[in-house]
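The same chain A turns up in both complexes below, where it pairs with chain B and then with chain C.
Let's turn to the complex of A and B:
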């Protein structure tokens, strides 16, 4: 027997090393398994479940039979259209105002001002305030009975002011509160991007006779463009999914003027107990966010990439 | 063995320290009786009231819980405050996630949905076992109001009168009228004099629009309409159902007694307004009279809700205690609920928090004849003079918020009947979904 074993031809070196090679090749993937399982469990699985519920009938928390697109029908009612409009106004206005204010302040704070450190700290304060507190703070400011704004308007001009009681001003107030709370986040990132621009570029522009405006237009903005695009993507996601602010500040009113899609998702699920409708709205918001981020990345990040890297 | 450290301090050697610690721990574990280290039964109770809160209602509930603790020192109660506006949703989410409380106190509108969502556990085996019919009839609100499919799903923690007419006595002349058509003339002089609205309510959908529907439902009854019919369909999409809305619109547009800003007001806003004398009158619930009384003193007057042909019926409801499906200590939870609805706890809460008790027998206590209990006496008399038994339907939060939205639409010029028909259609779709 031993003789037979000895007679067996020796395996080639490559074949002998195969298990080791396979093991080494698999090692990085095996190390990733826990993290991947975690991501699958907390991100991918809920998304799959969201799509599943969106296409099934529900009775409270029981998921019933497949019902096609029936859960999407309420989104195409007059109330659904109002939610789309409210979300579009809220997200676009907040995005534009937040980025504009943050960019403006970043340019100021980048300048060598006296007391710049204190100014930077003060400007960051709204970011430290929680969303619930922000909503309550603005609600109190705009209260028609006790708010300082209403009091000032009444005592100075005899006007009765109730901003949260009017469709247009309620949305404007909600956007203002949102911008107030979130501009510091954009400011920090844009300021960091501006500070990382090499000073040689400005010097070269000045030697070419560039004005301050030209420096901003042709040096600062292109160089900070990618960061601004990333900030825009992050803010858009956040604004689209924001529930606390409209829930606490306006409750979606008046007359559904501030009934944004995110609040609709929450209310359909936890006030109306229509989980199917809620999931269907969630799917639409998810797809909208996906489409918007794809657009932003194509339009601002990929297109600007060669120019920036030069 | 003691050692002397370089700086001449007496130290303990590592070996001696380890030995002493090991022996000490072993002695502690072996030496103590088993009962002392056994885990105490613990129940988690979610309440809209913070037991540490420095207000009468919190103190009232703290006293009720203290009574239970004295009766059952072997059971630990952990009270976790949850805002009432989100209690229903929070309970559902937590129970379905398996992390819910053992017992929760909820608003009366929430029970049908808790039952529908499968988050309420039947109390039959743990509460009121062996009670006679007379004991069951001792509750001010009908025993069957919290019975679903023959199962007792909750017990009333208190009773509430939803539709008290509140007014500032020191600003008006005489008693308020019982007919709502006479209300503008009654309120106008004071409203003009003080430059504040004569009547305030809130149409916001926040808090599930209870500020509005609490007085609207009895107004519908008074007009010959209904909130929800026995068939489950709404009972207000008709000429009679339109009357309370038309009255409110007249108060806004014709008599200028009520401002447009009510479109965004919540119950808390309205309560703050009357406490701050920013309105002459409103309609609110009995359980918040005491904080308003603390602010306004004797200036706060209470009356029956004016209606189209005399006062509206009393709209009584109550907060209830529910054992959840995730309850791990059901026997203890049952004992806890029994203790909180006991006569002793109910009288304590009535005296401290000025809450209307859940039990009729409690009202016989001489304290209810004292001036201190005058506000409760008013509510109890109103409730007994013109009761209207009512059990909320499932998805009532949805219906309430849709009614509030319909009222908001009416304020922007939407025809009343059309807005109500829209609600009826939405309700039919929703309840059959």
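Let's turn to the complex of A and C:
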């Protein structure tokens, strides 16, 4: 009986299964199609266009002939340089303040303070607030006529202050609003990293007679270092490409003091209709960002996460 | 460092930070209740007039509706595409898988502002400016890579054996996903959905560039234009701002744990 069945002319197994094998092999690609289609259409294609536009002359939104690096020239004028400087000041000072405040508070919130849960929740609140509301809120707080800060300065010291009207203080105010909104994110991640340090390490340090300072220097910082570095990079990405805050809060002023590169990209296109100049600035921002993300991915994602190649 | 001892001085920065976080918002709330809209400082009494005016006499109600619709559809779109892609990269071994994952990661780091101008030109050509569709497509595309990575990290944590058992019992792959994986994945999907929802709710620069026509604005765009539409009336702007904070705040209160877990997983793991 068995022999009879075997004797039947049958398609070889591999051949019969070919459609099934192909179907199995195609499945993961088909499943990735929607995600990839979105990313190609909304990220990759516009980036290619951005490069194309950056090297062509433009008239409003019409794209003309190839014109080499002409669109990049204004970036190296005094006004363009001011944007580079504004971006650098904004990013670096926001980074430094956010990381130091977040680290300091994370160290303190690790202690078993009374009401720690409530304190932590309250400190997290600004995280919920959108950038537009943050910008409007700080505009109102710093308003020279009815804002409480100006009011306080006047009644306490007799000073008349208009922080958003002055070049230096406008940048400081913008950094402050930015830090106010974004340090909770850094705090959560750094606190989680600190809490995951095994107590034994601190005990060992203490047995060796380490001071608190030495505990911070030789235990806490090295153990949480990777998280702090990741947070720093993620914040830098965010700050460098932030448009909403300067857009709503200062509009780039006064006298271009807060006219960061990312805002310039928007304004040159939508306000001044210098489409090519805007695209050239976009290319510069994109490339700087790409360099940072390449570093980040190589150093922190591929190296430390075997998950990618699992 | 301080995990097992408290000194009294620590309360000072902790309290300062919590006051610093909350007081500006309390002040904003009081401003929204002030009948004079802050013009006459400390001029007694409080009113809900600002809220009524914002909700019923401006288009803010419409903008809240727009935002809710766009956010909901974006969440659905993003989660669906992310689940499909995450399932493929978590459960299949295939050529190009790692390239796809890293490619998505690189894409997720592209700055919005760099592609905004080409996107605008593109949307204008397709006559899609000032539509829900353009906002949904751009937001979904923007959130997809991060969400896909996040969902994949949740999927990786679910044992494959569960699914294999279901397959042996005669389930199809789709059936096994729906009956076995999805219930396990639900908390992760809620966290991922929340992140996308709050992103759309708070997004400004894409929305103001692609849909700034009156009637099609999202809530943050509406708030920004309130000044130019109705003049600088801080009381009403404050009321609008408070209203716009409420939905994410409520979601956050209920789902605080998942949200923090999700953000942590997405950012550092």
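To be clear about the criterion, the second predicted complex is superposed on the first by the 252 of 310 C-alpha atoms of A that agree within 3 Å, B and C clash if a C-alpha of one lies under 4 Å from a C-alpha of the other, contacts with A are read in each partner's own complex, and residues count from 1 in each chain.
In the analysis below, a residue touches a chain if its C-beta (ideal position, glycine included) is under 8 Å from a C-beta of that chain, and two chains touch if they have at least 3 such contacts.
Only a predicted model underlies this, so the values are computations on that prediction, with no experimental measurement involved.
Undergrad: If chain A is used to align the two complexes, do chain B and chain C fit next to each other or clash?
TA: These partners clash in the superposed model.
Undergrad: Just to be sure I read the superposition right, which of the two partners does A:270 touch: chain B = first, chain C = second, or both, or neither?
TA: both
Undergrad: Which partner does A:144 reach: the first (chain B), the second (chain C), both, or neither?
TA: After superposing on A, A:144 lies in contact with chain B but is clear of chain C.
Undergrad: For A:170, is the partner it touches chain B (first), chain C (second), both, or none of the two (neither)?
TA: first
Undergrad: Given the touch rule stated above, what does A:61 touch, chain B (first), chain C (second), both, or neither?
TA: A:61 contacts both chain B and chain C.
Undergrad: Based on the superposed arrangement, let me know which partner A:81 touches: chain B (first), chain C (second), both, or neither?
TA: neither
Undergrad: Residues of chain A touched by chain B versus by chain C: which partner has the larger set?
TA: Of chain B and chain C, more residues of chain A lie in contact with C.
Undergrad: For A:256 in the superposed arrangement: first (chain B), second (chain C), both or neither?
TA: So A:256 only meets chain B here.
Undergrad: Of the listed segments of chain B (9-17, 45-53, 153-161 or 369-377), which one clashes with chain C in the superposed model?
TA: 45-53
Undergrad: Indicate the residue numbers of chain A shared between its chain B interface and its chain C interface, in ascending order.
TA: Dual-contact residues (chain A): 61, 143, 145-146, 247, 270.
Undergrad: Residue numbers of chain A touching chain B in their complex, please.
TA: So the residues of chain A in touch with chain B come to 57-62, 143-146, 160, 162, 164-165, 167, 170, 247, 250-256, 267, 270-274, 276-277.
Undergrad: Flag every residue of chain C that touches chain A in the complex, lowest number first.
TA: Going through chain C, the ones touching chain A are 1-7, 10-11, 13-15, 17-18, 20-22, 24-25, 27-28, 31, 38-39, 41, 80-82, 84-85, 87-89, 92, 94, 97-98, 100-107, 109-122, 124, 137-138, 140-142, 144-145, 148, 153, 156, 173, 198, 201-202, 204-205, 208-209, 220, 223-224, 234, 237-238, 241, 244-245, 248-249, 252, 256, 260, 263-264, 267-269.
Undergrad: Where on chain B does chain A make contact in their complex?
TA: 88-89, 92-93, 96, 113, 116-118, 203-206, 208, 259-266, 269, 272-273, 276, 278, 395, 397-398, 401, 405, 408-409, 411-412, 430, 433
Undergrad: Given the complex with chain C, which residues does chain A contribute to the contact?
TA: Going by the criterion above, the answer is residues 25, 27-29, 31-32, 34-36, 38-39, 41-47, 49-50, 53, 61, 101, 104-105, 107-114, 118-119, 121-126, 128-133, 136-138, 140-141, 143, 145-146, 148, 151, 180, 184-185, 188-189, 192-195, 199, 202, 212, 215-216, 219-220, 227, 230-231, 234, 237, 240-241, 243-244, 247-248, 262, 265-266, 269-270, 275, 278-279, 282-283, 285-286, 289-290, 293, 296-297, 301-302, 305, 307-310.
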